[in-house]
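First the structure, then my questions, so here it is.
Think of it as A, B, C and D in the order they're written, each chain with its own count starting at 1.
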Amino acid sequence: MQVNETFKPTVVAFCCNWCSYAGADLAGTNRLQYPADVKIIRIPCSCRLNPLFILRAFQRGADGVILCGCHPGDCHYTTGNYYARRRMTLLFSMLDYLGIERERTRVEWVSAAEGAKFAETMNDFVETVTRLGENRRLEDLRCKSE
Amino acid sequence: MRHDPLIPMLAQVTDIRQDTPDVKTLRVVGLDGKKPFLHIPGQCAMLSIPGIGEALFSITSSPTNEDYLEFSIKKCGCVTDWLHAMEPGQQVTLRGPYGNGFPVDTDFAGKDLVFVAGGIGLAPLRSVINYVRHYRDRYGKVDIVYGSRSKADLVDYQEILDEWSKEDGISVHLTIDNPQPDWDGHVGFVPNYVKELAFDTGRTVVMCGPPIMIKFTLAGLMEQGFPRDQIYTTLELRMKCALGRCGRCNIGDKYVCKDGPVFRLDQLDQLPDEY
Amino acid sequence: MKKLPLSQLDAFFAALAAGQELYIPAGDAGTAAFTPWREGLKLTPALNTSRSAKDLFFPQVENLVDFKVTGKQIEIIENRAPAKPFVIFGVRACDCRSFDILDKVFLADPADTYYKTRRENGTIVTLACTEPEETCFCTALGIDPANPAGDVSGWIAEDTLYLQANTGKGSALLETLPMLEEGEKPELDQPVFDRLPLKDLDWSAFGGERMMEHFNSPKWASLAESCLGCGSCTFVCPTCQCYDIKDFNTGSEIKRFRCWDSCMYSDFTLMSAGQPRPTQLERFRQRFMHKLVYYPSTHEGEFGCVGCGRCLQKCPISMNIVKVAGTLGKEETP
Amino acid sequence: MQERIKAKAIELLESGVCGRVLGWKTGEFFYDVTPAVFESREEIERDFVFGPFCGANLSKYLIAESRKGGKVGAFLKPCDTYSFQQLQKEHRILPENVYAVGVQCGGMCDIDAIRAAGIKGVLDVEEQGDSLLVHTLYGDKSLDRAAALSERCRVCKSKKILGCAELIGEQGEEQPSARFEQVAELEAMTPEERFAFWRGELSRCIRCNACRNVCPACSCEKCVFDNPSSGAENKAPANSFEENLFHIIRAFHVAGRCTDCGECSRVCPQHIPLHLLNRKFIKDINELYGPYQAGADMDAKPPLVNFQADDPEPSVVRERGTNP
């Protein structure tokens, strides 16, 4: 795979309102560095993430999509993230089955106290997506022409 | 590159008038400030806001108005919501005119006319009424029966009061569905009012309004003995192309966008009842 | 008339493709499609393509115009791809007739310039049928599958392809192909056309007349009852031409595109004011009334059907124009 | 079999158990059978047919039929009964208005399979033991019965009839099936190969919605793809993204509810192997969360509205592959 040195990926991070969004906030207040290419979208619970959102993020130019939610067992709504876990596992498996790079999608559990983990996760994910290069297999060319 | 009929021209909304709580009248001119095209009363045009959608509206201004086009638009869906939220100066896209229009210079000429409208149904008739007023000597007596839910829902109320009612040979009969304190006019539904007014059966009737109004008014007119070839109405169906191709407004062997929207009752009798 | 040994077909295709894009029917039975020719691509063994040849003139999706919206300003950006000449080889007689039907819709004033440009740039080379399917009924609609029309008519007999130019465009095309020799096609005896099960289809009950009688027939209810409301019949049909116009917001501009639509869909006629065709019965009836009655009534009795049999093969529940016409056309038993 | 079913249909009507029965109606040819509602002995005697081309799954029609008032009789093949139960479980079919008769099935043939074998102008078919004698416009041809079967019947998962008031034919059993083999073959490919495979298949999509409209699991009143307000309205396969989007979301939406009846692939006019998408989800569910067959058990909790605290993490997808 060709690695483009200047390639800056667009990464969409869907963050649960209760844990991961607060974790991102903490990362910010602690001045932990993570790439500005990460666009955070706050959702009420990781379980709110409709698979359509992920596909539409790719359509609109995302090169990688990550979902962050409360750790299993810690969901604000008790069990939301358990359902999200099954859904995302199956969806990612399906994307992989269609030949879409399996590294472009990820789920990480990040609590409100884990600012450092949030920054680390984003650094790692952006690095992975940068290595993969531009999203080609799930792109909508209409949205890429300027 | 040849110009395709599906590609619209740009136009600008210069004035927006709030007629009733849910009807606004937009004044539209071309980018050169002039009226974009000529039309016949009853014809329609496609207005669109890119990204929202395109929809067909009847042109409510009279062809005798040489400065601009007007559209009276009731808020009832995606495109109309957007048009209602618009401010003067906004550009829109426009294509047209479409449809057959009313036979103002042929069948209507010299006739005594009765216009029957309900609610936003006045919109397409306003164009004819103002045309008839302009060429007053070409037509006989004119009666306008117009009804709405309430006084506030009467479209063009000021124009009706200030201009139409004051014209010689034109009688305006307004009615609202329910009594209200500041209303001393007629109260009741349009079909009953038309019956009460007992027009001469030799007159030509032009109708536009909600289907239920049309249905009962027609029943009344039939009872009074009006011939079916003296009654005109307009149809409304979903349209995308306005060129008789996209297939939505197809009723029998007619396309409402091209062969309509104005039909005589005896013509409608020949068509499947799918409108 | 020109001829060419079939052994030279590849060279013939290569020569055709040198001057313009060439489409030939390729692929397996069931999925065959008009495909841009490339080295090694072979003609399909199937009688006809799964989708019809209309796609090349009236594609499923096409961009009409772009808009850029900035504040209250709108900019119209016409960026139509420049027209390129192309040849379609191997169009069957039925599909070739469908172009006449589509022409009457799209070329009527004011002409649809997207369609018109493609029609002007496309040269149609037809191919006579030798092995019809049991679902074929073009002969019942007055089409001769053994002598197809087109800019160039083609026949394959024994090991030879015969070509006859019918139009100026056709002659001009054949003149560019040096490998063609002069030759006369032998008389072909094709008794199979007389054995087709649907050859005696009688549609005399239809046409522009008796519109209201057919429309009001009580038989529609049972005909339409199992219709799934999908669009497969309309999308594989060579004469279905309904479309939708939609806007797609790319984030930086609006693309207004046209795509096929189907009168079988529940939202086809849905308006904020109501739904003139509220159930599948009305939608189903619309499609068949249009082909059998409405279109003929405005086009000198010509049916909006060419007998290609695609809807017979593709309908998920096997309800099709032959069954509809058969049921409706049958005289009432007292 | 056909005569026993017709006799039963007439009995159901004449005894007053049902006001109408749902079955299959004969067509122009031997294979173009249409699902139909029969209301009289005459109609049944004249038009009712049951044979190797009655592949259509009637369960979806019961959603509407069970809401029309009165009791409707329905003849269901084993795999149709899985859909029947699944739809009851989702409260889409009102079981009290349905009198279901299970009919055992020897595997349904597919006219497209016969055509795909290169046989043209098919006029009639005679079953002769394990082979078919096909009469055509071009003489008689012989074909293995197995080659004429629908793909789903070649890998039949169960002959078990579920939830029916009575049976015609023997009750059958679940049986070992090779239905996941093709999925496994795809999984063994590299992502590039899989991508190429699916582009090749999905690029044929014409978005006719036949797969969606025939699917017993797709029973939404208004599909997200038809709804202009959903933000995901998607009417035409404008490009590869939209082709993928529709099929991924459709398969996902029926995941855990799809009984693998195979109707989607049967009806696809473009012969896209849509069942391979649904089976991928079924295979994953079986492997990750334990065996589950939609429609088999009225009480089992569907896997996507269920969880275990120790379910595998989504990273299992990344980790299990050997291809980077």
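Going forward, a contact is a pair of C-beta atoms (placed from the backbone, for glycine too) under 8 Å apart; a residue touches a chain by one contact, two chains touch by 3 or more.
Since we're looking at a predicted model, the values are computed, not measured.
Overall, the chain located most centrally, as judged by its C-alpha mean against the mean of all protein C-alpha atoms, is C.
Distance from chain D peaks, on a Cα-centroid basis, for B. The centroid of the Cα atoms in chain A and the matching centroid in chain D are 36 Å apart. Per-chain Cα centroids separate chain A from chain B by 53 Å. For this pair, chain C with chain D, the centres built from the Cα atoms lie 30 Å apart. Averaged C-alpha coordinates give centres for chain B and chain C that are 39 Å from one another.
Among the residues of chain C, those in touch with two or more other chains are 244, 248, 261. Listed for chain D are residues 238, each touching two or more other chains. For chain A, the set of residues that touch two or more other chains comprises 142. Within the complex formed with chain C, the chain B residues making contact are 1-8, 10, 50-54, 76-77, 80, 87, 89-93, 211, 236-238, 240-241, 243-248, 250, 252-253, 270, 272, 274-275. Residues 64-65, 67, 69, 72-74, 76, 78, 80, 105-106, 108, 110-114, 116-117, 208, 211-212, 215-216, 241-245, 247, 249, 254, 256, 258, 261, 263, 268-274, 276-277, 282, 286, 289-290, 293-294, 297-298 of chain C are the ones that touch chain B when the two sit in their complex.
For chain D in complex with chain C, the residues that touch the partner chain are 27-29, 31-37, 56, 61, 111-112, 115-116, 118, 120-123, 136-138, 204, 206-210, 212-214, 226, 235-238, 263, 266-267, 269-271. Partner chain A is touched in their complex by these residues of chain D: 186-187, 191-199, 224, 231-232, 238-239, 241-242, 244-245, 248-249, 251-252, 255, 277, 280-281, 284-285, 288-289, 303-309, 311-318, 321, 324. Within the complex formed with chain D, the residues of chain A that make contact are 51-52, 55-56, 58-59, 72-73, 79, 82-83, 85-103, 105-107, 137-142.
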